[in-house]
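Following: one structure in structure tokens, then a few remarks.
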Amino acid sequence: METISCNKLEDVKITIPKQVGKLENQKTTIVNVSGIEVGGKEVVIFAGPCAVENKEQLFETAKSVKASGAKILRGGAFKPRSSPYSFQGLGKEGLELLSQVNKALDIPIVTEVMDTRQVELVSEYADLIQVGSRNMQNFPLLKEVGKSKKPVLLKRGMMATIEEFLNAAEYILSQGNNQVILCERGIRTFETSTRNTLDLSAVPMLKHLTHLPVIVDPSHGTGLRWMVPIMAKAAVAAGADGLIMEVHYKPEIALCDGNQSLRLNEFSELMVDLGKIAKAVGRTIL
Amino acid sequence: METISCNKLEDVKITIPKQVGKLENQKTTIVNVSGIEVGGKEVVIFAGPCAVENKEQLFETAKSVKASGAKILRGGAFKPRSSPYSFQGLGKEGLELLSQVNKALDIPIVTEVMDTRQVELVSEYADLIQVGSRNMQNFPLLKEVGKSKKPVLLKRGMMATIEEFLNAAEYILSQGNNQVILCERGIRTFETSTRNTLDLSAVPMLKHLTHLPVIVDPSHGTGLRWMVPIMAKAAVAAGADGLIMEVHYKPEIALCDGNQSLRLNEFSELMVDLGKIAKAVGRTIL
Amino acid sequence: METISCNKLEDVKITIPKQVGKLENQKTTIVNVSGIEVGGKEVVIFAGPCAVENKEQLFETAKSVKASGAKILRGGAFKPRSSPYSFQGLGKEGLELLSQVNKALDIPIVTEVMDTRQVELVSEYADLIQVGSRNMQNFPLLKEVGKSKKPVLLKRGMMATIEEFLNAAEYILSQGNNQVILCERGIRTFETSTRNTLDLSAVPMLKHLTHLPVIVDPSHGTGLRWMVPIMAKAAVAAGADGLIMEVHYKPEIALCDGNQSLRLNEFSELMVDLGKIAKAVGRTIL
Amino acid sequence: METISCNKLEDVKITIPKQVGKLENQKTTIVNVSGIEVGGKEVVIFAGPCAVENKEQLFETAKSVKASGAKILRGGAFKPRSSPYSFQGLGKEGLELLSQVNKALDIPIVTEVMDTRQVELVSEYADLIQVGSRNMQNFPLLKEVGKSKKPVLLKRGMMATIEEFLNAAEYILSQGNNQVILCERGIRTFETSTRNTLDLSAVPMLKHLTHLPVIVDPSHGTGLRWMVPIMAKAAVAAGADGLIMEVHYKPEIALCDGNQSLRLNEFSELMVDLGKIAKAVGRTIL
């Protein structure tokens, strides 16, 4: 395989795939999500509930996070759950609710696709298609979203090396779709005090190795509501092009991930703090 | 979720799913693969090439491993490869070749399915459908094979906990298919002298927690040809109900995993040694 | 064991030792290193070479890092090296050089002790005694530095859980010495593109669980010179009370860790950037 | 560094130290522990309590394990415990009890040393000096036991790679002591259903790379009494030159590691089963 790399990587033994490899003097690819640019000077904030649960939950949360400065709304309709007996998401009904809030509030939507047979359906509703951690090496799914014309949010597998992550992105690019956003969301290690170990060094490493934008998910990366704002700030300081965070209007009754979802006021306050960090590293938010 | 467990697991904090939980006095489930029973007194040997490459390679390898005592032939038609530029398998042509060898040699076939859209096709050819490590938490795929009437070989994800592995099996059982064989194939750790770290303690742990048969893959578990026979013996001593191993008639020219594939004579010699270990733990081979 | 904890740690299953547990309303313990306060509003910068090599190297590096704003000079005289054939440090001669630079430049010294028999000697020269990662569970050494009256810098073991780290600190405190600074320096994971995985979430977690100051070592945490400044900024954003970094006047000829040592000008430039981040999180540097 | 290796290690990127490297046609080094040869045809069983607690406990356990076929008695006098408030061992009183049982029953003793200042004392009592996992990279301790004339049992650190393990052994050999037994005792991984993950592939790998004998500790490797016999059998099948196991006459009241200690009758029964496996791999026990 031919590889292209402009950086001298003496200490990094990585085979950079052809298309995701960084060309000399090439700027970061900017991914356009229905008008919102990811990969430019602005640090873009993605926020919303883990899962779409009902109209009130989705609209109340969406209105608030948009008012606080979030630019893209997250919300799962198809949920990958460890147990078959856990809430599996509202499915198509969830997509319909996302479509309603998209029209009502004029905010782009990111939602997950889990099955090659659903790519066409999800593409009709989503502005940005998410491939989740558990599917990072679901190669038929990667090829299928690579064939779609929608931008893709690819989350790092919890067990994936940087090299495997780049090769997974390459599956999408190899089908002609270079609108890919990479997302670090915590890796699995021996440490159990946090849900995962947020590997913030992946941010500079990925930006060093490829031209794709890189965002961070401190919600899954820590699993602890009180820690999310702290690691969100650290992620921006580390150079992240965006953050995706779980926010819920009533985390106590959330059907999934309530423990790691920010309350509406917590998210609002965090946005102010993030602005200060962004400024300190020459970026903007809001 | 209701859980059923007969063993007192003071030191193991695991939520055992309902169906895979072991009932008091219940023997291991015996999975019938076109006449070959997995989970009984016999330690069943699965062998064959990593990927189906061509007729000569498949037939020469199959004839030899069958003569040496292998009961089920492995061979990939759809290959999950880290890079999109690596050999992806022969696809339907590979399935056809597997079908030919199955008829010619009267040996059951296990082959991998990667896409929900392929489950029906693969089911027509395979005696046992494999869900690979990278798809262990591909929940739509698990549900789809759960709906099929074929037995399923479920490989442990390379960074999946025992609990996640059992929940993945539960996805299959929850659809009405309890013909599931679990396979330990090495986990990802900090150690790099072997390709993965073969977690043989998973064998007694899984057999302690569920009624499903458990086999071991020392080929992927070590990644080193010379080490495969040693760890194969250790796996039988640890109580494995079977072994799945990569064997190639000419490993030097194999299109994938040549470094970890046994030569035909090495496999033949190993079978003799395995017989001694099986006898020492009250089991049989051949 | 009696434990004291003021925070409600629903999601964190950790047994907090008695003395390191945080008392309600108690502020962070401030550790006084010969006049330099660690744990207050100021983010304290520790810098210097991996190992003391000779007078020129030590003085040139020390003068420069002090001028750039470093408050404490690091430099190893006894070096824990994986191989017995690698440079093992200058020993007592190194301590003498550290003493000279301490007097000449009026900058406190931190240096490592590896052997219970050396604690008395090292205490005569050092302002702050370092216990390295490989000795985090060297319990006799922890007790011995606990009996000394010098403050201690305790580095997290590369595979130590947060709970083990706190218990190691407790060994020191249990001997009557509560002047302990904790240091996150990267943990060992499956990822190999960086030397270790810098676990920045350990910073808020440790500050949540104890009253001790917490600093970060981005040099060992990444192993890559170009990545050190980025992760240094992220560490300050995550709330670190200080940073310890390897700086060398000529990294190309360094006897150890040259690849991860900052050049003098790189360190100087980094200090300016760190000041901006510190301000953004309500702290100061310089 | 000059390295000696006779095996072609195409897939293993390890720098083998000079002295532990395997010489062409060289047989395994046989370590003589007061008349008991480790590294020959016999699989040598080490058994006894985690810690020496009192005379009755030690003698009752020792008499029974010797009668069942154990050749070397284990028992800790100095215990490395995660918490300073846990039982730390009887110290010199424990060594005295070990000496009494050694004389009364004529069975060699292995016990741990944790501090360079104790090496001389422990050497007076022990037939084999143990360096524990937490001290595998305590380099001054390794050098000190390297200077003693006693054989050394070196346990792999729970976070140590094979290469680091060999380099730690090299610290001992470099001081002129080549009577070193290596011990695999489980590594730390993400899996939590067992106390550690017993890495049995380390046995063939170490025997491939060095001439030193290799034993396995299934007690610490699993942490579960019921699993110890199963993994003990697997270790012998994997080629271990010996096993070290915790056995206690009354595990329910053990001061440490009761959950993983075999009862006297369980150990006795296991010895019979181990004999069958040993025979199957061309070795002997008893």
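To keep things simple, chains are lettered A, B, C and D as they appear, and every chain counts its residues starting from 1.
Just so we're on the same page, contacts are C-beta pairs under 8 Å (C-beta built on N, C-alpha and C of every residue); 3 or more make two chains touch, one makes a residue touch a chain.
Remember, predicted model here, so these are calculated numbers, not experimental data.
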Using the touch rule from the top, work out which pair, A-D or B-D, shares more C-beta pairs.
B-D
Tell me which chain's centre, taken as the mean of its C-alpha atoms, is farthest from subunit D.
A
Would you kindly tell me how far, in whole Å, the mean C-alpha position of subunit D lies from that of subunit A?
47
In angstrom, rounded to a whole number, how far apart do the mean CA points of subunit B and subunit D lie?
33
Where in subunit B do residues touch two or more of the other chains?
159, 163, 188-190, 192
State the interface residues of subunit C toward subunit B in the complex, per the touch definition above.
159, 188-190, 192
Note: in the complex, subunit B contacts subunit A through residues 1, 17-18, 80-85, 114-118, 134-135, 137-141, 143, 157-159, 163-164, 167, 170-171, 174, 188
Would you mind writing out the residues of subunit C in touch with subunit A in their complex?
10-14, 159, 161-163, 187, 189-195, 197-205, 208, 221-224, 226-227, 230-231, 233-239, 259, 273, 276-277, 279-281
